[in-house]
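Read from first to last, the chains carry the letters A, B, C and D; within each, the first residue is number 1.
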Amino acid sequence: MRVDEAGAALMLAAVARAVLDRVDDLTDADLAIGDGDHGIGMRRGFEAVEMVMEAPPPGIDGVFRAAGMAIMSNTGGAAGAVFGSVFTAGAAAFAMQEEITAEGFTAFLAAAEGAVQRRGGVAEGAKTMLDALAPAARAAAGADDLQAATAAAAKAALAGVEATKAMIATTGKARSLGERSIGHPDPGAISMSIILGAMRDYVAG
Amino acid sequence: MRVDEAGAALMLAAVARAVLDRVDDLTDADLAIGDGDHGIGMRRGFEAVEMVMEAPPPGIDGVFRAAGMAIMSNTGGAAGAVFGSVFTAGAAAFAMQEEITAEGFTAFLAAAEGAVQRRGGVAEGAKTMLDALAPAARAAAGADDLQAATAAAAKAALAGVEATKAMIATTGKARSLGERSIGHPDPGAISMSIILGAMRDYVAG
Amino acid sequence: MAKPIKKILNDPRRAVHEMLDGLVLASDGRTRRLPGVDAIVKAEIPEGKVALLIGGGSGHEPLFHGFIGENMGDGAACGQFFAAPAPHIVYEAAKAVHRGKGVLFLYGNYAGDNMNFDIGAEMLADEGIEVRTLRVTDDVAAAPPERMHDRRGIAGDLLMIRVAGAAAAHLGSLDEVERVAKKAMAGLRSMGVAVLAGSIPETGKLTFELADDEIEIGMGAHGEAGISRQKLGTADEITDQMMEKILADLPFRKGDEVALLINNLGATTMMEMLVVNRRIRQILADRGITVHRSDVGTWVTSQEMAGLSISLMRLDAELKHYLDMPSRSVGYSSLEAK
Amino acid sequence: MAKPIKKILNDPRRAVHEMLDGLVLASDGRTRRLPGVDAIVKAEIPEGKVALLIGGGSGHEPLFHGFIGENMGDGAACGQFFAAPAPHIVYEAAKAVHRGKGVLFLYGNYAGDNMNFDIGAEMLADEGIEVRTLRVTDDVAAAPPERMHDRRGIAGDLLMIRVAGAAAAHLGSLDEVERVAKKAMAGLRSMGVAVLAGSIPETGKLTFELADDEIEIGMGAHGEAGISRQKLGTADEITDQMMEKILADLPFRKGDEVALLINNLGATTMMEMLVVNRRIRQILADRGITVHRSDVGTWVTSQEMAGLSISLMRLDAELKHYLDMPSRSVGYSSLEAK
């Protein structure tokens, strides 16, 4: 499916619905290794995204930036800052673009990854959403079309979630658990994979 | 059994043991209609009585007064004041007596009843220990000997406990329950009947 | 009930003693303990001051012993958990705070307290020490207005201790202090709501049982029965119901100025008290009643009971004057100008 | 877990908003709320004053919004329960309290707070407003001393807000306020123990599980893992274990003068805190460490979590000077000279 300015808004509305459908799972994942508020935080953020997407600003980058601002202002916590940054910083990749291409999508993920890394001050392996985002960015690179790029990203993100189970958290609320965080997936990584999975599904039509 | 000065101390030690044996029942009775502390309060008071009876002061009245002071100083709550008064005020009945007679015992109960009534400001029927004490005092009057007097008093006290079940509390913590206090015996009345029952058993030998 | 009582304690039978030791230490020199007696008194009480003696059963911390200090109580006679202090404690505490101008006894109206404090007062009278007694009867849930003497004393204790404490620090005669305290009491009304039960450390048993979706409006500070056991409901509904009863009782009227106290019974969050405060203020504003000052905090508890109480005291210029004085104590406001 | 969460609330999703409204009302005119933003600021802030902005997730009441007032914070940026405030809240709150001399950000060291406050600081920097950041890292259970930047901020927040608040009220430059606050932070160590779990109103789920006879030493303010899950034990044993760890960490030494803070995590009784205080004082006396002043109360909570924390701050003459100033706020000391 071709994703133009209107499509971008529809896609992010679909992303929002996908996240909202999984709020309880996110809560439970955060209860296991964090403070149990990731689900309700993402709900606040993505309910706001849903609303904004009903009357989105112009430009694909505008759509993404608006989503990012909605997340940033309503989510709170670590998730608000990192998922907000994914969209606000990633939005620049779509500047002046008429549609979302595989290259644009790949550039979006790369920009998002860089922004999260700078903001959160951690690298891959710290058991964060970056462990879903970074492999997704690598997997999308070089894909032939948007469908392939989003599919590869979503798949890599899901594998990233799996991989976080083996990691020891070194940032966020889960850090205190040390080795006891092993065996549990990172809540933010789950969110990242839900977001990318919903993008893939939207693009697949 | 003849109860002289030494016997009075042994009798009150037996009373103390009888009360201490029933602490949990008293707690449960007070949990049902009061604040749940009657058992531990009586334990504090009668543990002190037990100790004092190891080296009691001279005179039967001295023995009773010392028990009363021990109860008054260690029990606390409504029970400390009323059961303390039973023994401190009742002690006067034994002044200058070589042994506890039926008349002495009856006078003790009458003095105790008067003191409790003055102190507590309530009459019979208010669902208090007075509803065991007052019938006991009446029942003991005119008994032929101490054995008969204590037996009659203990029996009347037990009947008094039964009678409190039908009463609506108008004083103490149970007052708030109003009609909901019906069906439950008064904790202090139970204590009074334990005390008189132990006296009867001691006298019976 | 299955819930085990988990508390950070040593021997529960020594808990009151250890707690009082801990309290004196927390006062950083401002209070001392009477040797061998469960009583706390202010370190320095000037000669010629009317003395204020407060007290009652323990388990309601920071009440009573946490309220000894500047413009508050001069001494506290402390009983075991939920049990009035024995007469000799009352007597010793009163002797320790008496400075020649008599002693006002201020405590909650419970049969046990009444009897034990009265015996103490009689012992003091024998020695020529003048004692006046004022019993706090603020709980509107305990009895109808015509049976005021059957009402319990609950969180309003704090406001009474603050008014009477300031009056006793600044007025020269027992008569005058008693007059001010009586006026304060006449305009004081409170009511509580319980959500979860508390327990006495030594028995380890909850003092009442509530179903998982039930609350009890009007429950007393020791778990005494209230006026309505009902389904949980919203904060606004609960607040409306309590305020209705409190306001109608005095009654409080348009134009009245009041002190407002929202008190945590133990385990309730400040969030809940603040949400309730929001509604109370709406109700008072609607009725044209002005809040002169308010306290929202943990003052008169019932161990780990969850729930809260609302108190209103009608004020005039004189009561405002005393209530605005800075009360300081471990339990109220730990600040002391060094 | 089976325990139902019974709270006196309206819509849990609106609880933070309603709580902040209730808080402003409880402040009797001393604070105000920023229109449309979850931030509380002091009603009057003089021109030319260095501003102190505090904040963080809600659910730890009276922290943070209850600590806005004289010699405390000028403003609080408030997040939802257990969630750092969004950057625009930080930004708006800072703008509202800035009086031309810069803003000190003081908050607990959590990834979410760090990121959101940093974004806010960048927005302010773009407008030429100078911001310095001090993160509270007092929890010795969170990480070894060499990883101080990985430590969480817990009850020590109160002492930091009092020192920094007084310094910001009396020192003329951001540099100086920051210097004093950093010194205070360098000598501050805390640790908690959890007995029962708390919950977030909106999820209604307990944030951790503890067996009926278990406690967790070192548990964080959001239920983050501590250093030892163990059987309950006595108050003295628990206190010894906590003090051992706290004292060794700085380390505190013979001759040191300290401020002592015993903090209720929510549902713990004051009795327990006082029993613990008694033991702490014995330990400190044995080690030749003097307590300059102490606070025992409910300051930094974790909803209805039961448990407590102990904090020690090493003092010098300058820190004592600021800590002895009268801090006043709804949550700390409601007294205000009228």
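Here is the rule we use: contacts are C-beta pairs under 8 Å (C-beta built on N, C-alpha and C of every residue); 3 or more make two chains touch, one makes a residue touch a chain.
Note that the structure is predicted; figures quoted are calculated from it, not measured.
> Measuring between Cα centroids, what's the chain most distant from chain D?
B
> Using mean C-alpha positions as chain centres, tell me how far chain B is from chain C in Å, no decimals.
Roughly 32 Å, centre to centre.
> Suppose each chain is reduced to the average of its Cα coordinates; what separation in Å results between chain A and chain C?
The computed centroid separation for chain A versus chain C comes out at 54 Å.
> Distance-wise, how many Å sit between the C-alpha centres of chain C and chain D, to the nearest whole number?
Taking the mean C-alpha position of each chain, the two centres sit 28 Å apart.
> In chain A, which residues are in touch with two or more of the other chains?
Within chain A, no residue touches at least two other chains.
> For chain C, jot down the residues that touch at least 2 other chains.
Touching at least two other chains: none.
> Per the touch rule above, enumerate the chain pairs that touch, sorted by label.
Chains touch in the following pairs: A-D, B-C, C-D.
> In their shared complex, at which residues does chain B touch chain C?
Touch residues, chain B against chain C: 27, 31, 34-37, 39-41, 44, 72-82, 119-120, 171-173, 175-178, 180.
> Sort out for me which residues of chain C touch chain D in the complex.
Residue positions touching the partner: 3-4, 6-10, 15, 18-23, 25-26, 28, 58-59, 61-62, 66, 193, 195-196, 201, 212-213, 215, 232, 234-236, 238, 262, 264, 266-278, 281, 291, 293-298, 301, 303-304, 306-308, 320, 324, 326-328, 330-331, 333-335, 337-338.
> In the complex, go through chain D and note every residue touching chain A.
57, 79-88, 110-112, 115-116, 118-119, 142-143, 150, 152, 200, 202-203, 205, 207, 220, 222-226
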